[in-house]
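Below are two complexes that have chain A in common, paired first with chain B and then with chain C.
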Partner chain A sequence: MRLLEAKKLGDLAAALQAAGYRVIAPVEDGGVVRLREWQPGERIVTDAFAVNSAKDFLLPRSEAIARYRIEGNDFEAQDVPVEAPKTALLCVRPCDAASLAAMDTVFNWDYADEFYNARRAATTVITLGCTTADEHCFCTSAGGAPDATAGADAVLRPADGGTRLVLETFGEKGEALAAAAGALLAEGDAQIDPPAEVPARFDAAAVTAWLRENFESPLWQQVSLACLGCGACAYACPTCHCFDIQDEGNRKEAVRYRNWDTCGLTLFTAHAGGHNPRADQSARWRQRVMHKFAYFPERFGMLACTGCGRCGRLCPAGMAISETCAAIDREAKAAKR
Partner chain B sequence: MSGNLYSPTLMRIAEARDEAPDVRTLRLEFANPAERERFFAKYRVGMFGLYGLPGAGESTFCVASPPTRTEYIECTFRRVGRVTAALQDREVGQTITFRGPYGNAFPIDAWKGRSIVFVAGGIALPPVRSVIWNVLDRRDEFGRVTIVYGARTVADLVYKHELAAWAKRDDVDLVTTVDPGGETPDWKGKIGFVPAVLEETAPASAGAVAVVCGPPIMIKFTLPVLTKLGFAPADVYTTLENRMKCGVGKCGRCNVGSLYVCKDGPVFTLEQLKDLPHGDM
Partner chain C sequence: MSPIDRLRADAADLLRQGRAKVVLGYRQRGGQCIPVAVTDPEAAGALAWDPACKQNLAAYLRKPEVRRLRPVALVARPAVMRSLVVLAAESQVRPEDVVVLAVGDDGEYHGVLDLAGTAALLKEKYADLGHDAAAMKRIEELAAMTPEERAAFWAAEFAKCTRCYACRAACPACYCERCIVERNQPQWISTAARSHGNYAWNVIRAFHLAGRCTECGACEAACPQGIPLMLLNVGLAADVERQFGAKAGYDAEAEPVIGSWNAEDPEEFIR
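Now for the complex of A and B:
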């Protein structure tokens, strides 16, 4: 076993930084735990969940996709270099790593998105196994587990009561990481701590089956009444990838940006002519649930939810997709009786 | 594929025509001949593109000209917002941006020997017009061609010159109509709503396909008429006009059920649409 003393996590971050990685890690920031670029000396938080997801570093909330120089009525395209620094996502969670399968699929299923792919190729994912969970966690209901390794290049498993971390690597990126860690790693034995207990909250297969038959159901109104349509759930979601394209410009230059967007917002589907296919918030909340648990599985053979629970932690109205799914599961079971 | 997926090509405005109040057609030529070749190698009728102006943004319209006319493309659109206003304010000789062609196409090669009934309303003639042109450019390959087109008023009819040209052809049956109250004193066409005029025209459905584009309310009342006339759902084609941004199956905006209208559409048969969530269209 390759072991790292837990108190040397900061040293690992420093070693990675010295090896040329931009290190992204959960740190205290403005009163919350946030994934952002680690600065020397900062404590990496291992006992709480970051409010934002790893998505932020693969699909930034705003990025330039085209740039023009303008002269009078003429314009000329400028190069748009892809910003893809070599990055280590250190101590993200198994539910973050699991989300990459959905993201990789969307950005490559037909046309390939070079902005996403360049960052993805430059990113090494090091998860920290979960030994605790909170009331919002539901990875086990979304095909994941607190000690899952899907999507990770390396995992750190807490051991010996959290005093050590056992490093396991997968593939070249993982090995490069271990090489960068160098002497911080020691061979030895340790007792891996038991993974967190994450109780099952719903049966995802039953939810998917119910969704396929229930586009029209009174349940949609009931479960969405509290929704403010703020979009916080989507912005925190590791798999929500929908975006808008908007231009900003003046008489000298124009920049075309891709910005996060979400089906929860009224204008998302509004036609210029006034027609809006999803006219009320229940239709928009239904789309969010349908997309993650029915359409994405139908199209790509996987859920677009990893059970990270961020949406529920953040929702100002106290809603949670896990609760909607649990309600659907109950409805499906009641219908069978 | 590699390279910036969202990087458009440049088009020069060769011609601009006003079709109706706030509706204009732009004839566009590729600034780069290699881009023209790349476009026409892929373009089939029904596909769409994103037309844009740096600083204003991009909008999604059909390509209103057919693959049988390979010197240019045309788009016809109404001025409704920031991008469409910016595009309409461009002058002949100036450039705009274009990405495409995207999406699927009308399978017109599979229609050889069959009669075709075109039904369109208002600003929805452009996507149908490219198919009409394509069929008329290959006239011998198809049976009877019937066109039923209506708008709210005479002024709102688009492509007036082409309507006049089609009316003169003896290998095209053209019926034009305007909504009651939308007629002018010298209006020679029908007065009535498209579905009713279609029913009265009663084109034969045997061996025929129908292409229908129009506002949701027109579609809603036209489809039962087609059914009554004997058109099978698999022989009725329409386009979905969901809002789009990327055009390439990423941004998620045009999803209807598990489909991406930008990739799986915009062309669908009634047969395909019947299993989709209509609340998302």
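Now for the complex of A and C:
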């Protein structure tokens, strides 16, 4: 076993920085725990969940994807170089790593997204196994587990009561990381701590099956009444990937931005003529659930939800997609009886 | 009967008598206080209330699904009652559509009130609500900074903004059918979640609420990024009070401070 003393997590971050990685880690920042670039000396938070997800560093909330100039009748398009620094996502969670399968798929489905792919290629994912969970966690209902390794290049498993971390690497990126850690790692034995207990909250297959038959259901009104229609859930979600393209500039030059967008906002489907096919918030909330648990599985054979629980933790209105799925599961079971 | 039991009984009665089609209140989930919509009198027992219930339920009154359930009863603490008075003053709610289950910040329960009764209670018992002391202290610290230091402080805070608009969604006074940030012909505010657009969005949001914000704190509580939005809101509310002697949400007949002109206005910024 390759072991790292838990108190040397900061040293690992420093070693990775010295090896040329931009180190992204969960740190205390203005009263919340946030994934952001780690600064020397900062404590890496291992006992709380970050408000933002690993997505921020693969699909930034805003990025310039093109520039252009117009002079008279001349139009000149200018490429924007992709910003893809060598990055280590340190101490993200198994549910973050699990989201990469969905993201990789959607950004290489009908079009290979050079911006996403360049950053993805430059990113090494080091997860921290979960030994605690809160009431919002539901990875086990979304095909994951608190000690899952899917999507990770390396995992750190808490051991010996959290005093040590056992490093396990997968593939070249993981090995490069271990090489950068160098002497911080010691060979030895340790007792791996039991993973967090995350109780099953719903049967995802039953939810998917119910959704196929129930685009129209009174349940949608009931479960969405609290929704106020913001983007907090989608922007915190590791798999929500919808974006909007906006050109901003003047008559002579402009920048084309790709900005996050979300089906929770009214404007998402508003037509220029004034019609909105998703007329109320229940239709928008249905879309969010359908996309994650019906359309994505139908098209790509996987859920677009990893059960990280951020949406429920952050929702100003106290909504949680796990509660909606649990309500659907109950409805599906009641219908069978 | 304890205050919460009286509130539950009143909520059930309102639903049973058809005086309200829905009661917007709070329930406990784990250690969290979250909004709940009760339509069945038998379910009123689930209602809970404590001062940690930060959401301003008056924000739901703009939702078409909720408007279809008028009359709407809602659990309201003083800041939320003031929001209702602001909405009435701005012709956003009709008195006959709203019933108030009035609670005090101290856990007191004042019973079932109509909008006129709510305004009377506010004037009688909550006329001297001060601005949040911690926010005022921080505002003074910011005021003592150099403009460069202050700009750097806000630049760092606004850099966190993802433009999820949870602040807007949580605010009852943010009811514009199409918010200025969504207007694109012409585009007033950059939609990119970057420096100048984030700055413009947050400042314009705060200014549009000047003289209208009742300092309920729902926007700041809603912000997933922890941006201290109340420093802007409380600062502006304090300025409005000092300059114009006005406090939002006490008088349903009052002219809006920013939308009216008075020869007595101090205009201390014009020198």
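To be clear about the criterion, the second predicted complex is superposed on the first by the 328 of 337 C-alpha atoms of A that agree within 3 Å, B and C clash if a C-alpha of one lies under 4 Å from a C-alpha of the other, contacts with A are read in each partner's own complex, and residues count from 1 in each chain.
The working rule: a contact is a pair of C-beta atoms (placed from the backbone, for glycine too) under 8 Å apart; a residue touches a chain by one contact, two chains touch by 3 or more.
Computed from a prediction, not measured in an experiment: that's the story for all the values here.
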Original post:
What is the contact status of A:E83 with respect to chain B (first) and chain C (second): first, second, both, or neither?
Top reply: neither
**OP:** Examine A:E248 and indicate which partner it touches, taking first as chain B and second as chain C; both and neither are also allowed.
**Re:** both
**OP:** Answer with first, second, both or neither: which of chain B and chain C does A:P316 touch in the superposed model?
**Re:** second
Original post:
Is A:D113 touching the first partner chain B, the second partner chain C, both, or neither of them?
Top reply: first
Original post:
Touching A:E175, do we find chain B (first), chain C (second), both, or neither?
Top reply: neither
Original post:
If you stack the two complexes on chain A, which partner ends up touching A:W260: first (chain B), second (chain C), both, or neither?
Top reply: second
Original post:
Looking at the overlay, does A:I70 come into contact with chain B only (first), chain C only (second), both, or neither?
Top reply: first
Subject >> chain B versus chain C as contact partner of A:G229, first or second or both or neither >> reply: second
**OP:** Report the partner of chain A that touches more of its residues: chain B or chain C.
**Re:** B
Subject >> Residues of chain A at both interfaces, chain B in one complex, chain C in the other >> reply: 244, 246, 248
**OP:** Over in the complex, which chain B residues touch chain A? Could you list them?
**Re:** 1-8, 10, 52, 54-59, 78, 80-81, 84, 90-91, 94-95, 216, 241-243, 245-246, 248-253, 255-258, 263, 277, 279-281
**OP:** In the complex, go through chain A and note every residue touching chain B.
**Re:** 65-66, 68, 70, 73-75, 77, 80, 106-107, 109-115, 215-216, 241-250, 254, 256, 258, 261, 263, 268-273, 275, 277-278, 283, 287, 290-291, 294-296, 298-299
Subject >> chain C to chain A touching residues, read off their complex >> reply: 29-30, 32-37, 55, 59-60, 63-66, 157, 160, 162-166, 168-170, 178, 182, 184, 187, 190-194, 218, 221-222, 224-228
**OP:** Enumerate the contact residues on chain A facing chain C in the complex.
**Re:** 29-32, 34, 51-52, 61-62, 135, 221, 224-226, 228-232, 234-236, 244, 246, 248, 257, 259-260, 262, 265, 267, 279-282, 314, 316-318
